[in-house]
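Here you go, one structure.
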Amino acid sequence: MAIASLNQLRPLRLFLTGLRRRWLEWRMGISIDPSASISLSSRFIGGQPGGISVGADTLVAFKTLLDARDLATGTVRPIRIGQRCFIGGGSMIMPGVTLADEVIVAAGAVVFHDVPARSIVAGNPARVVRSDIKVGRFGRLDGANENTRRMYKL
Amino acid sequence: MAIASLNQLRPLRLFLTGLRRRWLEWRMGISIDPSASISLSSRFIGGQPGGISVGADTLVAFKTLLDARDLATGTVRPIRIGQRCFIGGGSMIMPGVTLADEVIVAAGAVVFHDVPARSIVAGNPARVVRSDIKVGRFGRLDGANENTRRMYKL
Amino acid sequence: MAIASLNQLRPLRLFLTGLRRRWLEWRMGISIDPSASISLSSRFIGGQPGGISVGADTLVAFKTLLDARDLATGTVRPIRIGQRCFIGGGSMIMPGVTLADEVIVAAGAVVFHDVPARSIVAGNPARVVRSDIKVGRFGRLDGANENTRRMYKL
């Protein structure tokens, strides 16, 4: 199976992700918890040191964009991502947005406003579609089994 | 004209698309009808064999994403695309979604729910914006002339 | 700082952008004002000569798509972008859309309909979220200071 062969690349991927995390921190002042999992195709634009922070056990999926530069005010408005969040593929997080802990951002969502803890947001503009969820590591919904870990190769 | 010169690449593109279709089928268990037209920049993530199927005379445009892996349940929920559909550029099809025959997905749409036959869906989240349409091959609306075929180089 | 080192690449970027603008005009019949700023990762599909035009002092950000080909009618419906507009990252402009002068398109927006002057549109489908704005060059909101220029390296 292709999944098995991709898993053989896991050590390389983890090495590259760790390298990138250190580079983002050192050169861009973007702080990403070492326990977070960051897709190599995600894009972080902090604008200035401290522009973006990502909490523990959070997963940022492929083709996501986090951009802290605000054209309207000509300033950087920091983006804060909590712990145990899941930022779905292709989604965008706008300047000044704070995601509390245990937030799931659906694939393709464009988030303009803060999101309270234990919520799922979806759509463009993103709206809360579910509240009081219970999640584990990487924003896995309670009841999601080990398959999720394997599917995302975490 | 540029369009003319791009058309000179058509045999190469058809060859690469056919190669990719076979690879997706053999390695990923994704079934794509040979009469379907699949952009090379579309992305199919089946998760497991049988995770995605695409019907005859359907067009999947550039930068689309079909992802059958469901984080919430930790399982794969198959994606089914019918015949004579048009999946617009940059759109996303979520796990478990079935598109019936002759469905048009507008560019940039994010589809979370099943779509009934002969409908147009648009937006994020995608909603039905038109029903009872009549389409031909590749989801071309009735009345669209040969230009469409030429524009998309089919 | 990384921003400083990126700015050292500015002459190269301006040279490539100018080259691309000329190529788009000569080969594709797409007219872009020389004072406009066009991201190298933006994508212009004119369909035929005259399919797209972009006005003076307008900024088209990264990963945007402007596609003037209309599947429904099988024809090209030209896209017109006015002056002093800002087309946000990851947004899409659909066939037949005219943006008047001084329009801001939020990141990730998908624009299906014409937008009146001095408006901000956001969402998918895009809707007017603010009117009667005052902007300067590149759609900078009145009050945005020089930082914006620096952030976008204009």
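Going by the order they are written in, the chains are A, B and C; count residues from 1 in each one.
In the analysis below, a residue touches a chain if its C-beta (ideal position, glycine included) is under 8 Å from a C-beta of that chain, and two chains touch if they have at least 3 such contacts.
The shown structure was predicted, so the numbers you read here are calculated from the model rather than taken from an experiment.
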item	value
Homomeric contact chain B-chain C: same or different residue positions, threshold half	different
Relative orientation of copies chain A and chain B, as a Cα rotation angle in degrees, nearest 5	120
Rounded Å distance between chain B and chain C, as computed from the means of their C-alpha atoms	27
Interface hub residues of chain A, defined as touching at least two other chains	110, 123-124
Chain C-touching residues of chain A, taken from the complex the two chains share	27-28, 47-49, 65, 67, 69, 71-76, 92, 94, 110, 112, 123-125
Complex contact set, residues of chain A against chain B	1-3, 63, 86, 88-90, 104, 106-110, 122-124, 139-141, 143-148, 151-152
